[in-house]
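Mind looking over this structure? Questions follow.
Order of writing sets the labels: A, B, C, D and E. Residues in every chain begin at 1.
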């Protein structure tokens, strides 16, 4: 449909997917989807609402089982299923629906599954100290880390979920719309963070609907449409218009219409 | 702190708040907050994460009771509390945390509280038809309106929540980060929608972290910081830098730093 | 109808394709073949609705029939339906409360207390039976109202106030009965006759079956026409035909078979009627929609402007009223009320029936039919074991095991569903 | 510790202000005055933790003491603590299951079956008491394991399998007891002595109280020092002092007062110990954290890489084991096991205690102490009513009413909380 | 703990050494059968207050819960009981309770159910009750035919004694037991359903008699049989126990063959007499004022009473004559004719 700039083969990727299929009841959510991510590479995954981006992320992170297709990690096929197995491999994920425990406080959520202990008991003090440090690197505006997540604002929760992915030492980080609820400062910090992750050699999959952000940090952009691979771009060679056209499936769409109509459109 | 361009008095506003206070346990979420919205006016409410925007929206919509302060609607003080009383006044709200019933399908959620009936029984067919119409105006990509909300993607849910506010005939519509999870096309549709609402003479309160969107549709911009009124701007007279400075509380912030560092910043 | 279809002809939303069949990812469901394919897919994906419980019931039937050939005799089926009805009515109220994500532990005590109040009024105070019946049910309604006030105004959790009610109304039962213990309903009492001796005649039964089938087909056809007029997919006509024929044959044969013995007693017919009415109320009215909404997410319901308190009041009142009615029917069936009325395992049976039938304990998921299916499962197990006459130690163990078996089928299918990513 | 504090001196995160007190919207909580103010705020906002139940308990005490002056006699307090312990142990297991948002309806039957197994081994088979005790508890553990398998592998809801267990193990109890019915534990059985005759001496009791206070103060001081070293607010020292003195005086006086009669029986001491241990396990270990996480949001816990299945297994095993232990202690206290063991309202009492103590039925909220507070509330009500010599009918009604009263205080405060937008 | 303070009962209000007066604790097992609170308790209290005007009776009911009863005993002892009249939920398991009371020098009267090691025992013997029911049934059936047998709750130890007594007669008779059922909770509903289910298997004509352990179950059986179309004047003989009003009425109309009547006044009066004597430190006479001789049952000094089989013929001479019920209690609406026929007015 649009041009496909294939990634040169042999440039060994950390994570690669081929021919992934997934059906939910009467809806075929993913059909024959492929993609791969190299170390030190930021791949943006974009697409319209319901295109299947989050479903793909959940399949990679082990939350859903795929119906058909293959996942390879560090060159070897991944057999173990379930989120804890995938985390052990080194895949950290920030889910779109956050997946925090409302009844636990910020510290407990940040270190969930990776608690710090002193002997047999939890080292609450160490964890609290570390929490403040992590949250500060993300410019979080959280008054207290000892209130349950239920009492946080949308953006504060999002920040906590992102900070979670920095605990531990993953090889691939997947961020599903991480900046959706964030303030301008926090968004900038997350983009900085993504760049820092790339510099330390991690593979990053970034999902976002904000084309400016995507173009600012991604090396490659994979476009899904209605559950299928629609296009793949190198960021440097791509314009916003091309991207939007690939996402909506038409170069003549509401976005361009609006941009033409108003003075200050999508820039 | 920054310049306050007060709205001329006497230009009768639909909704006006004065001196609103709200405390949650140990956190003083809102301190002496005031704002007002006129008919046919779009007011953007911006601020950092946890600034208190959603709390303010929930107070207006009757979800929370405020500790002190006054709310006036159409010039008269509002006494009745609770969401259903506020809805009866004509205040429609799209909440940041969406507030949909996961176990119900899209149609049921869309018409919740405003069901259409034929005699004693629900008119499912009329509602389903109307649902498709509403969703189409928002360019929604929803395969079926008869699957439970639990099976929708983040953006699809957001679209349903926005479509909800179009059922019925409100006088004021509040949208709390309506485009956070939306695709580019859907975002453009929502901005179009906001403009249409203004044209039909409704008051609109729009919360967003996207300065481009805010500047594109808002008439006035109210800035909250740490639970207090920080500034108020007329959109036409304001630059993005001024806004970001008012939000973060410093003209020298991570956003400007990032903008300087990278080529393609916030435009 | 014609008017509507004309309207749709000029409706701009009506395209060549039905509005609900546009998305290319959607697996179509129009022809019979589509319907079959989607059914197979659903079974694979574990979305079976009531099917697993029905399969469980069939397994129970086969096992007991093998062990004890009188199990499926028409006499025994008549007796199962008759004994299932009163507790089934109580369970129907429990379904409502469970749909809200609440619980009522006191239905047993309330049923006993209401029946005793009625019996005392009739026998000791000489009040007319009809009035006493109404008072008995009102006793339940008032209790439900008090519960609702405790819940909505004071905020006491339903577990706690109904536990308090469980104790208090057991006391009230003893108090009302006073020193006399068992009260026997008068020989000529209409309630006794209704609960024990009245059976549909063959003609009545077949007319009823025909009526049900006609109503079903009629409403389905009407819906299909209106859907088409509104530019939506109308659903497979062949499938509707098959369903209608299956319904007619199923109900017809059951009626014929039960007619070999005494046929349908009034009691199960009343129960079935209540179930159907509650099902329509729950699925097809605004009130029912709101019950599901409150059970699924109270906060969302509240924000949608639903008067949540009213929903709680209506449900608690209905639940206690059903409990009272069930208790009264039980009394009619047994011909008497005693200190033991409702205090034994009525609570647990009523709640278990709802849960086994597939209503979630956590609110928002379930159906009126679950009360019916669940109670039939439980009564079948009990009846089968009664016929087998084993030692009471074995009987307890086997009851537990069969119960587990009946529900496991459902669980396994649900497991399949969740592993394929559906909640 | 000193090493750590040196570390923090060079830690870049340590600023002039503690890390957790930077936000200007935060209402400070450092000095005693702060603490008091924040307490008053909390009371107004309705966040009271265990306070309401304690107030409920005080109300109960005052009411019964007024009606019957022996209620607060030291002898009666001794008897309340002694009888509260065994069911309290069972309730402790229920708290765990409820924390996961699941339920176990079979703890009563399991307790009876485990006790019967033990009794049969000792009396009929001549097995050594210790071995029999261990086997009895293991019976519980194995049952828990089976439950966990049904839950995690097959996906049967806990309500259903524990309902099946309720029936099956009642049958198993009858089966194990066979025709002999009641089994009396040998006169010289250590269990009998432990559950009935052993009391702490005065010295032991006061040493224990001192130990508790010292441990409390020590751990609090240590925490404060480490927090300061880590650049966090250490909390008010004065407040700590007040708490410590209150604890010492409270426990000390209680010990003195109970010492007027026979003092602390071993049974409540064992129970208290179990509660404290479970509380530490739940609040201070990784396992406990994961239990809360699974109860709060299974899906989030699973995605965080927690081995959710393991958590379920551990909790179901612990719950059934506690049930078995509780049943065995009950048998020791009663000196015998019979067909009725655990079949009366043990289930309901154990679950009610947990709920009344403040553990949510929906998972993720609660504490080990709720088992203790809840069972003390229930036993106090029962003991008070025992003293009052009323007819059963009145007793049932009053039990219900008092129960409601005791919990209403909590409910009203929770209501305040939710209207101010919390929880 | 403070052992010295222990025996002095420092915070109990009364103590046992005063010559007159005294506190008698009455512990009854349950409230679901009418007899305990309708008869035993008031009769016992009346008898005590007649014999000793400044004695007090502390009353407890265990609602069929053994451990509740254990706690009630402790409460009673704490409240300063001088003598305990204990009707145990489970007689076999109550030895621990007896020891606890005796450990504090409080004598125990085992009331209605035997407890090993009690100081006194007075009762109608449970096994005898079962035997009498079975004998009456066998006699009514002419020692031939088939019966259904409904026993009490498997979790109730007393039910096992009735069952054993009945079997000892039935097993040696010409009567055949078709099916046997241990009814959980003794509930009439279960009895009705079980019997109905048997009628899917047997014809009503196959059943020539029904052993029902108590009147409640007998009511359920009658409901089931009549529900299956058996005319109420064609019912087979059905047994019962407790002499509930409803059972007496059924006996008068011929729906039930017999019930067991325990003349509770004698039992309550004797218990009160012994209790007062013990409380006041007097000797207990070998023959009570009610005319019962003291005997020994399993090493416990005992007063054993004979239960009475009530049939249509002796209703007037038993329950009515004893004032257990008045004729107007029984002869309501539907039963007036039957009363007249039986000569009751």
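What to note about this one:
Here, a contact is a pair of C-beta atoms (placed from the backbone, for glycine too) under 8 Å apart; a residue touches a chain by one contact, two chains touch by 3 or more.
Chain-to-protein mapping (UniProt): A, B = Sugar ABC transporter ATP-binding protein; C, D = Xylose transport system permease protein XylH.
This is a predicted model, so every value here is computed, not measured.
Common neighbours of subunit D and subunit E under the contact rule above are C. When you average the Cα atoms of each chain and compare centres, the chain farthest from subunit A turns out to be E. Note: the chain lying farthest from subunit D is B, by mean C-alpha position.
Rounded to whole angstrom, the centroid-to-centroid distance between subunit A and subunit E, based on C-alpha atoms, equals 75 Å. Averaging Cα coordinates per chain places subunit A and subunit D 42 Å apart. Mean C-alpha positions place subunit C and subunit D at a centre distance of 37 Å.
Residue positions of subunit E touching 2 or more other chains: 31, 37, 154. Each of the following residues of subunit B touches two or more other chains: 24-27, 63, 141-144, 151, 226.
Residues of subunit D found to touch two or more other chains are 23, 25-26, 170, 174, 391-393, 395, 422. Subunit A meets subunit D in the complex at residues 61, 63, 82-84, 87-88, 93, 95, 98-104, 108, 112-115, 117, 120-122, 124-126, 128-129, 132-133, 136, 141-146, 150-151, 164. Against subunit B, in their complex, subunit A makes its touches with residues 24-27, 47-51, 53-55, 96-97, 139-144, 147, 151-156, 158-159, 177, 180-189, 191-192, 209-212, 215-216, 226, 244, 247-248, 253-255, 257-258, 262, 264-267.
The touching residues of subunit D, counted against subunit C in their complex, run 101, 103, 105, 150, 154-157, 159-161, 163-175, 348, 352, 355-356, 361-362, 391-401, 403-404, 407-408, 411-412, 414-415, 418. If you check the complex, the residues on subunit D that touch subunit A are 13, 19-20, 23, 25-26, 223, 226-227, 230-232, 280, 284-286, 289-290, 292-293, 295-297, 299-307, 364-365, 422-423. Residues 31-34, 37-38, 154, 179-182, 184-190, 192-194, 196-201, 215-216, 219-220, 222-223, 226-227, 244-247, 249, 329, 332-334 of subunit E are the ones touching subunit C in the complex.
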